[in-house]
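Across the two complexes that follow, chain A remains constant while its partner is chain B and subsequently chain C.
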Partner chain A sequence: MEMKELRGSRGVLAAVALLIIFIGVTVAFVQLNGNVARGISPEYNRLAHLQQPNSLSAWVYDWRGFDTLIETGVIYVGAVVSVLVIGRGLVRMKQVEGEEPVPQTSLDLKIGSVNAILKYFIFPLVILLAAYGILIVTGAATSGGGGFQCGVVVASAYLIGAVFFGKKNPLNFRRKFLIAIGSFGWALYALLGLPGYLVTGYWQYNVGTDLWSSIAGFPAQIPSILHTIFGDPYRLALVLKGGTFYSTAGIVPLINIGEAFNVIGAICLIFLVFIYGWSDTEEAKA
Partner chain B sequence: MSAVATNLWTIPLFVIIPIITAILLNLLYNKSRTIKVIAIASSIVLFVLALISPYGFQWFTGQPGVTPGGTYTFDASIFSYRLSLEYYFGGLQQILITIMSLLLVFVVFLSASSLRKNIGPYIALIFLLFMSSAIIIMVNDFYHLWIGVEMGSLLLAGVVAASGESISQKAALKYTFFSALSGAGMAIALAMILGVTGYSNITNAIQYIMSDNLSSLSGVLYIAFGFFVLSWIYAGGLAPIHPLKSDVYGSAFPHATVMLQTQSKLMIVAMGLIILRLFGTLPFAREVMLSVSVLTMIMGVTMALIQTDLRWTLAYLVVAHSGLVTLGISLGTVQGITGGLFQAVNDIVYMSVLLICCEAVMYFGKGTSIKTVGGIAKRAPWLALAVVIGAFAASGVPPFNGFQSEIILIQASLSSGLPEVAAIVLMVSVTTFIALFKPIYNIFLKPDNSPIAMEGDAGAGIATMAMVQPTSPVPKSIYLFLAILIAIIIVLGVYPQLALGFVQDTAIKVVYFPWVP
Partner chain C sequence: MIELTLQFLSFMASALLILIGIAGMLFLDNLIKKIIAFTLLSDGVNLALVSLGYFEGGVVAILTPGTSVAEFPQNAVLIFGPGIVLTNIVIGVSTTAVLVALTMVLYKRYGTLKASKVLKGERK
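So, the complex of A and B:
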């Protein structure tokens, strides 16, 4: 839609509609002020420290962990669709002559115009950003970080590298590599639900943390081998006012790693194909 | 009361199998044979799972429910606040997912056979489309519903844009742009419901709304209702934004439209039922939904009448018939909802027949316009028979399935004191018949008058015509799929109780126990 289409009666209608929505939403939020129900959140907060110091991570990757799996899928799908629009995986019907897809060309990125001195500053920045991303994901259970944050930080490093160094990017990711790590990340996240499913029937039950198997009605006991594999490597001692508590985030740190791979693969791939386009011929040669 | 399972084993598989399959297919990219084997095997597994699955819940991540007394339970029949993300698989879910997975088998087979170039990502998107639809129909959680709808919109855009043609890319882009707006609207609605109730679990939110006096917050509920309905309209392609969805249906490959229209039906059913459960008691809520439905039916069939291309006629009819589904739900009575849900089932099946026939017409190499193609019945009589049966079913002619659901909708409208709505349903049936028989006559029954055909006729004597006439280029698999779908159409037309048994339970719950998923 072009802006000129909004002139005249259409524009007036759009403005009136927006005004009505604005007033409605404002009135609703004013009514909500002071009346927000806490609902289930106190229960989540009460339980979070039994798992890990980073309550947000507990919420996102455990209580709502399956929700986040599908949300992560949105990023993966976003990458597949974006790359498809550019040219990867366009299909034709065998018997039908149709319009040929418009060939996609790469952006006119003139890295020669970037000041040479600036490049020397950018190089360590790219490396530091990538390292910072790794730091975030490895400390996700104890800090405010997580897989998604790692992914976007590394992707930012990649984009900066692409803008300043072009194809000589210090993070020289190739298309196939990015597709592979994105796929690996989402698959890892999805399959981390398997141990809990096989033992308890609940997909993505956190067998490492295992908060609920002692509650009446829970369908199974978790074998100790699963505690050893998924729980012990991430065990922490939390020194709180009430005493020292031992907790483990269980499969959450691994989920964070899967999430990080997925986000790095997906976002970098989107950057890469939007800058350089997609050519199956080039890809085959590579 | 016996314990209700909260770890139903089949539910996660409806999500995880498509994810893993999609990832594999995307990686395989151009290995057509392997892709075909994996995709067909995976879709068959999903179909069998849907067919044999028992009913129950899945509380993902295995967190318990918290009872008002502060104890924990893993029994869904005990009143509790859910810590887990909750899915439910019941009769409605079973019939819809079974039909969708059957269609997935057909669509995967058709796309793997009829498409060239690198089919991995395309079929991967079709699997994820199945997954998002399954999520939407099973989920009992607002936030997750939103993610399912968002992902579904994105996948729809990908499947449509996959042909790379300018018309499909334009339709996909336009739809993505507007669905982003509706997604934002839905997010606002959910934020308000979450603010008012504190629960993203739909059962818990409804229980809270019903048990607490929220009269001081009625404005918030109305605004949430408004945004929710807006998302419903966008997700389902209902009026007044129906041209966006029709563009999408018309510019995708017909086999892809089979999945897209199925996804749309599931979205309007799932979201419509949630709107009814949550806001059904608000004054004017049902009237708003009813108005949208009536407008959709009228606009859809009117636009279908003026089309000259079978693909586009079907694109508008899919929209018009979505209005029939939402009409039943909007009536808000047990009979109305039953009719709406049954209509959704029937609509998915007979529209799939028509769309697969449309795809078959494309094999003759002249497109699907009434101006370019003709005389198909002579070369493919079984195809002509299939399209006529599909058209009869869509027009509500007995003894086909469309008749049974439309008669329930008419009766439900009359029982609700809305004879004018019943008349509109009748009008939609008749207009569907007229809209469909124009292209059917021209494409199938009218002699092919194109220059190539005329040349062929002139050069061959009548005695040798049978020998030189080329056989139908339509693959035999298409005839097999059409035969199966037509069998379903006839069986449901003669024994509607087979499907009604699956959907009536949901209708009763929505009207009398709205908090029960």
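So, the complex of A and C:
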């Protein structure tokens, strides 16, 4: 809709509609203000010293671990759809079926215009960003980061490298490699739910930490071998007011690594297809 | 009487962002501007979700050395808001990527980013 079409009665109607929406949203927020139930949050905060210092990460992968698995698939679907729309032009409207597919041309990146000195500054930045991404995912159980944050940081490093170095990108990911690590990450996340499912019937149950099996009515006891495999490698000594606690994040660090691979694959694939397109000749040139 | 707490002000800011986003998506003609309006709408929702978990005097929900185990559950902010925001960011990234990809295809086909001309089917 063009702005000139909003003059007169249509403009008045639009303003009234927006006002109604604004009032509805504002009234909802005013009612929420100060009236939010604490829900499950205090329970996870109460158990944080037994599980992992980062309660948010515990909540995301434990209480809604299955949701997060599906959400991890969503970003991969987003990448695949972007590739389909841009790269091959497969999505075509019905009325233009007879027309030629969308032309396959890559975006114009004027690499030559970038100052050579700037490139010397950017090269260590790309390497440092990639290293920072790895640092985030390896410390996800104790810090505020996680697999998604790692993936975004590494993808940023890839994008900066692509903009400044073009085909000589220090992080020269090829599309087959990106597809492979994206799929591997999602598969790793999904398969880490298997031990919990086989023992308890709950997919994504954290068999390493095993917070809930002591509760009456829980379907099964976790074998000690699973505690040893998934729990002990990530055990931390937390020195807190109240004593020293030996917590373990269980399968969460591994899930974070899986999600990091998935997000690196998906977001770098999106960047790659926006920059280079998807035709076979472009890949050969790159 | 409504108290002007940080949570309330944050809610109002998110309501404003949501309104700007909806208005932009409905009334702006340029497809890129529509996508920017969509991200503003998404940011407004994210801000509202983060604000849900806030309360006066709350601390970040990460155990640091020396934290009192007994006091932490009541002092830490509610974690469901930021947890849902993680989901929303992922969905937002995926949706924006697809929208930008579709916009690029439309531009190549019609030679314009004006939604009104694209809807009329005016080719370049």
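A few remarks follow.
To be clear about the criterion, the second predicted complex is superposed on the first by the 250 of 286 C-alpha atoms of A that agree within 3 Å, B and C clash if a C-alpha of one lies under 4 Å from a C-alpha of the other, contacts with A are read in each partner's own complex, and residues count from 1 in each chain.
The rule we apply is simple: a contact is a pair of C-beta atoms (placed from the backbone, for glycine too) under 8 Å apart; a residue touches a chain by one contact, two chains touch by 3 or more.
Quick caveat: nothing in here was measured; it's all calculated off a predicted structure.
Once the two complexes are overlaid on the shared chain, A:V25 sits against chain B and chain C alike.
Contact with both chain B and chain C is seen for A:G78 once the two complexes are overlaid on the shared chain. Once the two complexes are laid over each other on the shared chain, residue contacts for A:A14 go to chain C alone; chain B is not touched.
In the superposed model, A:N35 lies in contact with chain B only, and not with chain C.
In the superposed pair of complexes, A:Y44 makes contact with chain B and with chain C alike. After overlaying the two complexes on the shared chain, residue contacts for A:N54 are found with chain C alone; chain B is out of touch. By the document's definition of touching, of the two partners only chain B reaches A:A187; chain C does not.
On chain A, the surface patch touched by chain B in one complex and by chain C in the other comprises residues 1, 25, 32, 36, 38-41, 43-44, 64, 67, 71, 74, 77-78, 81, 85, 89, 91, 96, 102. By the touch criterion given at the top, residues 2-3, 5, 7-8, 11-12, 14-15, 18-19, 22-23, 26-27, 29, 48, 52-53, 55, 60-70, 72-74, 76, 78-80, 82-83, 86-87, 89-91, 93-95, 97-98, 100-102, 104-105, 108-109, 114-116 of chain C touch chain A in their complex.
If you check the complex, the residues on chain A that touch chain C are 1-3, 6, 14, 18, 21-22, 25-26, 29-30, 32-34, 36, 38-46, 48-49, 53-56, 59-60, 64, 67-68, 71-72, 74-75, 77-79, 81-82, 85-86, 89, 91, 96, 102-103, 142-144, 146, 148, 238-243, 245, 267, 270, 273-274. Contact residues on chain A toward chain B in their complex (touch as defined above): 1, 24-25, 27-28, 31-32, 35-41, 43-44, 47, 62-67, 70-71, 73-74, 77-78, 80-81, 83-85, 87-102, 179-180, 183, 186-187, 190-191, 193, 196-197, 200-206, 212, 215, 217-219, 280. Contacts from chain B toward chain A in the complex involve residues 3, 6-9, 11-12, 15-16, 19-20, 23, 26-27, 29, 58-64, 66, 72-75, 81-85, 111, 114-122, 124-125, 128, 135, 141, 143-144, 147-148, 150-151, 154-155, 157-158, 161-167, 169, 172, 177, 188, 192, 194-201, 204, 208, 216-217, 219-220, 223-224, 226, 253, 362-363, 365, 367, 473.
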